[in-house]
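Pasting in a structure now, in C-alpha cells, and then I'll have a few things to ask.
Per-chain residue numbering starts at 1, and chain names A, B, C and D are given in the order in which the chains are listed.
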Amino acid sequence: MIEPGQLILLISHKGKRYLRKLEAGGEVHTHDGKLLMDEVAEAGFGQYVKTHLGKSYLVLKPTLHDLIKGVKRQTQIMYPKEIGYLMMKLGIGPGSTVIESGTGSGGLTTALAWFVGDTGKVITYERRADFYKLAGKNLERVGLAHRVEQVNRNIEDGFLHSGADALFLDVRTPWEYLGAIPDAVIPGAMCGFLLPTVNQVSDLLRGLEDGPFAELEVLEILVRRWKPVADRLRPDDRMVAHTGFLVFARYMEQPEVQPLPGDEPEGIPDSALSDEDPDDAPVTEDDPDALEV
Amino acid sequence: MIEPGQLILLISHKGKRYLRKLEAGGEVHTHDGKLLMDEVAEAGFGQYVKTHLGKSYLVLKPTLHDLIKGVKRQTQIMYPKEIGYLMMKLGIGPGSTVIESGTGSGGLTTALAWFVGDTGKVITYERRADFYKLAGKNLERVGLAHRVEQVNRNIEDGFLHSGADALFLDVRTPWEYLGAIPDAVIPGAMCGFLLPTVNQVSDLLRGLEDGPFAELEVLEILVRRWKPVADRLRPDDRMVAHTGFLVFARYMEQPEVQPLPGDEPEGIPDSALSDEDPDDAPVTEDDPDALEV
Amino acid sequence: MIEPGQLILLISHKGKRYLRKLEAGGEVHTHDGKLLMDEVAEAGFGQYVKTHLGKSYLVLKPTLHDLIKGVKRQTQIMYPKEIGYLMMKLGIGPGSTVIESGTGSGGLTTALAWFVGDTGKVITYERRADFYKLAGKNLERVGLAHRVEQVNRNIEDGFLHSGADALFLDVRTPWEYLGAIPDAVIPGAMCGFLLPTVNQVSDLLRGLEDGPFAELEVLEILVRRWKPVADRLRPDDRMVAHTGFLVFARYMEQPEVQPLPGDEPEGIPDSALSDEDPDDAPVTEDDPDALEV
Amino acid sequence: MIEPGQLILLISHKGKRYLRKLEAGGEVHTHDGKLLMDEVAEAGFGQYVKTHLGKSYLVLKPTLHDLIKGVKRQTQIMYPKEIGYLMMKLGIGPGSTVIESGTGSGGLTTALAWFVGDTGKVITYERRADFYKLAGKNLERVGLAHRVEQVNRNIEDGFLHSGADALFLDVRTPWEYLGAIPDAVIPGAMCGFLLPTVNQVSDLLRGLEDGPFAELEVLEILVRRWKPVADRLRPDDRMVAHTGFLVFARYMEQPEVQPLPGDEPEGIPDSALSDEDPDDAPVTEDDPDALEV
C-alpha cells in the first residue's frame, strides 16, 4: 500500500514514463487512458495497474536516477557518474549544508537535495530568471523543494550565506568567484568544480594556487558499458568519452603557513594533506595513510 | 566551537591522520605529543592546534571519503568511484533500507550508513566471524553503528529481512543467491553486484536472465587523474585500470509477462524499461525518455 | 611530375575521393566532370587541377591509411589503431613473410602487403569465394596484388605454406586451428588474433595454454580523439569504446620444457620471456630487461 | 640455418637478453658462460643452445619490438602503441623518405628505418652531440644505420633536405619550427607531433592554424592489458594512463583558398579533407567517405 504524498513512477509497455506524487482519489492521464491513483496505491510498487482502456502500467518507486532523468531541462545537466563521485568527495550526506551555482535546470540541485535529507540544506544561486523558475518547478515536482533555498542572483555580487559544509561551482569562469568562497563556507570545506575544457582547468588551477586552497585535484570519470549478454560478453561499441573535468580543492585559511626558524611548522604542506592518489591507492592494513583511531 | 560527539579529523604537518569523536575534557595521544580536545573544540574546523610538544595539527570535519579511508581493513574495500555510482543507481538516500552482503571490513557499509541517515537502515550479512567483528568496530569508531544491523550468517541460508528498497552483493558467486532476493526486497527494487572477472559476470548474467530480473546492466568506472599544474597540465602517468565490473538488475515479479492474443500486453519488455545508455544519453527537452510529469 | 603507375588520390571540394593509378593519356570521370591524368601528373602532389566543368580537385599521394579507407568492403575491417600495433608486435617489415586468415575484404591484407614491401610476401587464406574475389580486386586496385598470394581454402584443412615469420588469425573460432600453426611458421614466430568477445578470448587462451605457445598477451587499444581547437581544447564527446581484443602468443617448440633434477633447465618459463608490461614499462638505462648488446 | 649478418636474440632461462649480429666463428659472452655462434646458426630460430657451462639459451629472430626494447637510452623513448599508429598515419612504408627531429636515443629512428626498408630513407636531426652519437651506436648495433642519415644540427637553422614524404617532430616547442616544414616536405605530406602537456598542444594548434596546414587532428592512444588467464579473465590492475598527445596535420600549399564570387571554389575546406572520425568510423559499403575507384 503506497502512502499519499509518495512519489511514484508509472511506466507503459512502450516505456513511456510518468512521475507523480500519489494523491488519494487522484487520476493520471496517460497516452493510453486514465489511471486511478487509488488502484495504484493498492497495487503497490513493482506491480501492474490498468488504464480505463485496459493498458498495463508498471508502478515503481523512483530512484534518484529516475528523478534526475525526469528533470525538464534547458541546459546540459550533470551525469550520474559525476554526481555520485561529487557526493563522496564533498562529503555530502544527511544534514549537510551545501552551496551550489549555477542552478541551471536543477539536475544537480535535485541530487544534492536528495542526499542532504530533511535535516540538511541546499542553497543554489542562479542569475538567469528563466532557469531559476524552471529549476523551482522541477524541484517542486519531485517533492524536494523544501530542502532547497533558491537565490536569483549573480554570484559576482558574492554569496549571501556563510558556514556551508561544501560548495560546488558549475559556471564558465569559476576563477572569477574564488574570492567569495571564504565568506561562504567553513574553514576546511571541500569545493568542487566542473569544466569542459582544459584551458578552463588551467585558469582555475592558477586561481586556486593563488588563493587559500589546498589539496588540488583534477580528474575525469569514464563509464564504459558492456552488452549484458552472457555468452557474447563485450563492451559497447561506443561510449561517452567526455563530459567534463572535475576539480577539487579544500578551502584553508592558512594553506601555506611557513615554519618560523627555530619554531615548529605552523602549516601543513599540500603534499601532506593530499595523498597522491587518494581514491585509487590499493589500501592495506599497513598503509601509511591509514588512520590511527 | 565543535560539539561533543562530533567526529574530528586531526592531521599532522607530516600528514599523519587521527580520526576521533570529540569528548569534553578528552585527550588525543599523537606521535607528536598530546592534544587537548577542549582546545580542539574551541579552535574549530579548519584551524590549527598545538600538542604539548608544540607541534601543529590541523582540525578538519571528516567527509565520507575520510571515513572510508580510515576503515581498518583485512579485505579489499570498494573505491569511491564505485560507491558514489552505486548510491545513484540503487536509489540510496535518507530513509532507505538496504541489504548488503558480505560486510567484509565494512567500507561500503560505512558509506551506506552515511547516506541512509538516521531514518534509514543498513542490514549487512557476513558469514565470517572475524570480519563481522572488525566491521562492527569500524562502524562504532565512525559513529554510524546505530544505523546498521549486522548479521553473522551465511546468505546460503537466505536473508532474514524483507521489504528492503535495494540490495547489494559483493560475494564471489552471487548467482548462487539470486533465489533469496525476492523474499528480501520490494518488487521493483534495484540490485547491484561487484565482480572482478568477466567469467563471473557471464555466470551472473545467466542467473539473472533465468530469474525474475529486468534492466540488466554491466559497466566499469574509470577515474583518470591529472597532475594539477596549470602550465604543464597533463594526465598522471599511471592509473588504476581495473577494480571490478558493476552489474545492476531490477527485481521484477513478472519481468517477462507475455501479452495474450487479443488482449493487452501485461508486461513490459526489458527494452522499454532500460534505455540503452541511461547515464550517458545527452538528454534534451524532446528526449523520448523525458518524463511526462 | 608524377610518374605513370603511381597511385594518386583526388579529392573534390566536397570531400569526394577518387583513388587511381596514373596512366599517361588517361582520364578520371568524377561527379564534377572529367579530369585529365596528364594535367594531374604535371600539377604534382599537393596541387589542384580542374575538371572540364571547372571544378577544382586536390591531388594527394595516398598514405596506407587512405588505401585502407578505400577498400570496398563486405565485412568489418580492422582499424588503424590495431593494424599499426600488430605490425610492431608481429615484427612485420620489408622482407617479412606472413600468413593471414581470413582475408575478408582485404583491409589487413592491404596493410600487410604495404609493409612487407617487394621483398616480402603475404599469404592470405579465405574459404568464401566471394570474399576471395573481392579482396583480389581491392588489392589489384591499390597496386599491391603482386605481394600477395591468395588462397581460397578452409584452414580447417591446414595451411599449404611453411616457414612464415608471423601469422595472424581473424576468424571466429581460432582455437580450432592452433594445431595447424607449427607446420606453417618458424619456431619462435609471433602469432596474433583479434576477437570481439571475452568468451572467445577465454576459449583461445585455453587452447594456447594447451599448445606449444608462450608469452601470452591480451590487450585492447583505445584511441581518444580531441577537438583540435586551441582555446577550447577538450576530448570528443564520444569515442569508439570497443573493436576487439588483441591476443598474442609466440609459437615455441618446447615452451614448457622442465629442468631435470641435477641438470640444467632446458626450457625457459613464460615469465622469463614475457616481461609483465612489455610496451608500457618506462624503460631506463638500468632496466633489468634492457638488452646486453 | 641462420645466415651470417642476421640479427639474433638470445634469451637465458632467467630472461636475460642478448642481441647480436651472427658472425661465423664468433662467440657471445653471457652471464652464464660462452655461446658459440656457429652452434647458434646450426640450431636455428626457436631452438635452444647451451653455454660452455651447460646453461640453455633460446635463439629468436628479433622483431622490431625487440630491437626497440634493446635501444640504449638516455631519453624517454616512444612506445609501440604510438609508433605503430604513426606509421599508418604518416604513410611510412618501404621506399618512404621521412624527416625526424629530435633523434634522442634513436628509438623511433629505429622503427622508421625498419619500415622504410632499403629503398627508403630516414633523415634525423639532433642538436645534442651526445644523443647524436648514442643514436648512431644504437642504429649500428641493430644493423639499420645504412638507411639513416643523421644530422647533428639545430632545426632552428632549418632542415637541409627537401621533398620528404612525411615529417615527425618530437621536440619541446614544435610550433617554433613550423616555418621550416614547407621547404622540407612535398605538398600534401603528413606531419606528426608528440607532446606531453595540453598547454603544448594548444600552442601547436595555434601555430598550425596560422600556417599552411589542414586536417588537424589530436588524439591519445591507450593500451589496456588483460591478465591472460582463461578462467579468471580480467584487466590488469594498473595501466599506463599517459605518454603523450599525438597531433597530425597535412602540409598544404593553399589550405584555405577561398572561392571567387561567380567562380568555382579553388580550395577545399578542412572539413572536406578530414572526416570527423577517420579511424573510428564504422565503415560500410555505402559510406559517403568510401572511395570511388
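To be clear about the criterion, contacts are C-beta pairs under 8 Å (C-beta built on N, C-alpha and C of every residue); 3 or more make two chains touch, one makes a residue touch a chain.
Just so it is clear, the structure is predicted and the values come from calculations on it, not from any experiment.
Repeating the B-D interface, with the same residue numbers in over half of the contact pairs, is the pair A-C out of C-D, A-D or A-C. By number of C-beta pairs in contact, A-C leads when A-C and B-C are compared. The distance from the centre of subunit B to the centre of subunit C, each centre being the mean of the chain's C-alpha atoms, comes to 45 Å. With centres defined as mean CA coordinates, subunit B is found 16 Å away from subunit A.
In subunit C, the positions touching at least two other chains are 198-199, 202, 224-225, 231, 233, 236-237, 239-240, 282.
Only residues 198-199, 202, 237, 282 of subunit C touch subunit B when the two sit together in their complex. Against subunit B, the residues of subunit A that register as touching in their complex are 11-20, 30, 44-48, 50, 54-56, 58-66, 69-70, 72-74, 76-77, 79-81, 83-91, 93-95, 111, 114-119, 141, 165, 186-190, 198, 201-203, 205-206, 209, 216-231, 233, 236, 239-240, 245, 247, 251-254, 257, 264-269, 271-273, 275, 277-280, 282-285, 289-293. Interface residues of subunit C, counted against subunit A in their complex, comprise 196-199, 224-225, 231-243.
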